[in-house]
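Encoded as structure tokens, the structure appears first; notes follow it.
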Amino acid sequence: MSVVELRGAVALLGRFPALAGIDLSVEAGETVLIQGPNGAGKTTLLRLCAGLLRPTAGEVVVLGHDLTTERRAVRRRVALLGHSTGLYGDLTVAENISFWARAAGLSGADAESRASTAAGLMGLDKRLLSRTVNVLSAGQRRRTSIATLAVRRPELWLLDEPHAGLDQAGRNAVDSLISEAVGAGATVLVSSHELERVRSLSPRVVTVAAGMVVADSSSSASGTERDVGQGGGPGA
Amino acid sequence: MLVRGVGQVRELFTDAGLVATRDLRIEARSRVLLNQVAPFALLVLVLFGFALDADQRTLRTFAPGLFWVTVLLAALLAVQRSASIEHADDAHTGLRLSGMAAASVFLGKAAAVFIQLMVLEVLLTIGIVVLYGSEVDNPVLLVLTAVAAAVGVATTGTLYGALASGLGARDTLLPILLLPVLAPVLIGATRSFDDALGAAAVDGWAWLGLLAVFGLVATVLGALAHGAMIED
Amino acid sequence: MVDTTTSTGSPGSRLLGLTTLVGLAGLILFAFVLTEPDVRLHPTTGEEFGQFDAVRLLYLHVPMAVLTYVAFLTCAVASAGYLLKRGVWWDVTAYASAEVGTVLCGLVLVTGSIWGRPVWNTWWEWGDVRLMTTLVLFLLFSGYLALRRTPAEPQRQARRAAIVALVAVLDIPLINRSVEWWENRTLHQQSTLAELKIEDLTLFTLMLGFVVFGLVFAWLMLHRFRVGWLEHAQAGHEVALAIAERHAEMETLDVDEAIGQTGGGK
Amino acid sequence: MTHLGYLLAGWGITLVVFGLYGWAVVRRGRRMAGSVPEGERRWITSKGEDHGG
């Protein structure tokens, strides 16, 4: 079953076509690395899959829902790690994680146990948990942010440069989070400039440029090289 | 069907409680209302005193109007603060993805603003009693008016705060959008206070009815409109 | 006919515009020349009283006031339609009627004030229900236009504007009620049309005013709607061009270099 | 004629405002129309129903 199915999808930021007709199909349990130059549309692609944007043309089906009409239905089942952390600066790390756990519909003990698991996974120790987010470093915030997503155990992870700003331990934590999620049956889309690091996790590399898929390692024989201008093609 | 409906309503209020607690906890930590908005409101009362020539009889006559103008000005700040909590670090995207109903978020945030406004109104009541020499004739009417008006201001304010945020020039846009809508609240609450403080002979209870209608309509509409606004 | 392709005019709108201009000329003729001033004789003292020639302002004030409400109501209906159906047509109609309505509303306030000075002996009457409601309405829709003019993602803005318009119109009864109770006096009800010595010609002129300003309203709406539609079409056209541009961009882009293929990332 | 000043002001302001506003709208339309390809100009494709605006 394919978890993400895009056919000629166009998404606008204002009047700018950040995605200019993109084709992509991702099967359940896959890990896909999205790479491409700055401004290629990687972030928009992930936001589109999360149901935050309305496709203006083409077809977008995520987790069996057509996102032209049913964007709400997928939102609870995906997790999107964006550029901003989505944390409340005046709350502590623990309060943030617990809030987002409850916001995802978990209750009481369930929320707390998942919160502590997620915090452990991201290497957030007791001392850190009781600090307010305002005093944290950028890397610590990023870890907290990932933990707030992990509590929800999403079916589809959309990670926008998850390694950015993290130290070595943090990067390793992200990697183990990804493999754990995949082990549990989730699907992961990662955009990253850390090519070598992510490539060890994902056999499939999709290259995006100018709002389109220009190469997809799964569709070419060698699995690593790509032919610019052929892979995705303008679907619109 | 019915069971599902009950479950949904319970979820609506649980989630609203979650959001309200969070906003109030943030306020308890940051003390923006207590350290900035409340002093600002008292300052406005003092400025009115200067502007109106320090004659306590004049001040007492106009105390209800001055009180509610001050509340509206302070409410603008409270609403802006409430909206900026979500937008400071893009938490509203997380809320959209959380699957929580937009109505829950709206009710929760409005409830938090409501409680903060009530605190503000208590302080301002003390303010006009001490500074303007107002006397409370009818405490029941006073309290009910304060509550009904605060509901209207908090719900409308929350809706418009969310509406103006995420647009350019939101700080200047909010007052011109919000204040005209609140004109009936200003008139109604002032008239009702006229009665409760004995400043003028009017029927405060009729005005309270108007405020109650406004509060009710604003709550229901706000919950619906908030959904229409962010559910895209 | 030459520049049909580069303006919002069309044969239909030209005919409408021409009719409107003729109508306006006719209205002025009736309002200033053919009708009598409002002069009444006091039954006991025999003194002259009434609005005298100031009544001639009503031939434009009253129709415009009614059309203001028509415009804002149109805006509310179109806004509701937009929220339900999400069609561009609704959005463009809402914006057009709000803008035309605000212009009308401003003129109603100005002409009302000018008329009130000689008749009520005051530029402004705080206790008057319709006056205050109209003023608040004007402020509400000024806010609406301000919202419309802030740069934002088009659909998000359309949605928010629709909510503002609906709230504004639903607020009208409450404003009306509160002002009515606020001061129990209204000059409007004492001294407007009900008391006028309505003769056939006066009535006819007033009706003519409704028709003529209805035409003015229709002409403005028509053109303003077309401008809104053009804006929308232009945005769509721009997007289509931008998509084509992006496709072309890809041909020239050296993806490998940009993502640092050989170096293994930065 | 009594109140001539008021009459002239009221009618004058109204006509001038309508004139200016109408002119501004038409000018805006003219500028806009040039940048839209012919096929997308609505009133050319739909003939009779434009009056409803």
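Note that the chains are named A, B, C and D in the order they appear, and that numbering of residues resets to 1 at the start of each chain.
In this text, a contact is a pair of C-beta atoms (placed from the backbone, for glycine too) under 8 Å apart; a residue touches a chain by one contact, two chains touch by 3 or more.
Here the structure is a predicted model, which means the values were calculated and not measured.
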Problem set entry | Chain pair with the higher count of C-beta pairs in contact (C-D, A-B) | C-D
For this session: Would you mind checking which chain's C-alpha centre is most distant from the centre of chain D?
Result: A
For this session: List the centre-to-centre spacing of chain A and chain B in whole Å, with centres computed as mean CA coordinates.
Result: 38
Problem set entry | Inter-chain centre distance, chain B versus chain D - centres from mean C-alpha coordinates, in Å | 42
Exercise. Between chain C and chain D, what is the separation of their C-alpha centroids in Å?
Worked result: 12
Exercise. What is the distance, in whole Å, between the centres of chain B and chain C, each centre taken as the mean of its C-alpha atoms?
Worked result: 31
Exercise. Where in chain B do residues touch two or more other chains at once?
Worked result: 232
For this session: Give me the residues of chain A that touch two or more other chains.
Result: 54
Exercise. When you check every pair of chains, which ones turn out to touch?
Worked result: A-B, A-C, B-C, C-D
Exercise. Tell me, which parts of chain B touch chain A in their complex?
Worked result: 11, 15, 18, 22, 25-26, 29-30, 85, 88-91, 93-100, 231-232
Seminar exercise, completed: Contacts from chain C onto chain B in the complex sit at residues 83, 136, 139-140, 142-143, 146-147, 150-152, 155-157, 159-160, 162-164, 166-168, 170-171, 174-175, 177-179, 181-182
Seminar exercise, completed: Per the touch rule, the chain C residues reaching chain A in their complex are 153-155, 235, 238-239, 242-243, 246-247, 249-251, 253, 255-256, 258-260, 264-266
Exercise. Any idea which chain D residues touch chain C in the complex?
Worked result: 1-4, 6-7, 9-11, 13-15, 17-18, 21-22, 25-26, 28-30, 32-38, 40-44, 48, 50-51, 53
Problem set entry | Touching residues (chain side chain B, partner chain C) in the complex | 156, 159, 163-164, 166-169, 173, 176-177, 180-181, 183-184, 187-188, 191, 206-207, 210, 213-214, 217, 221, 225, 228-229, 232
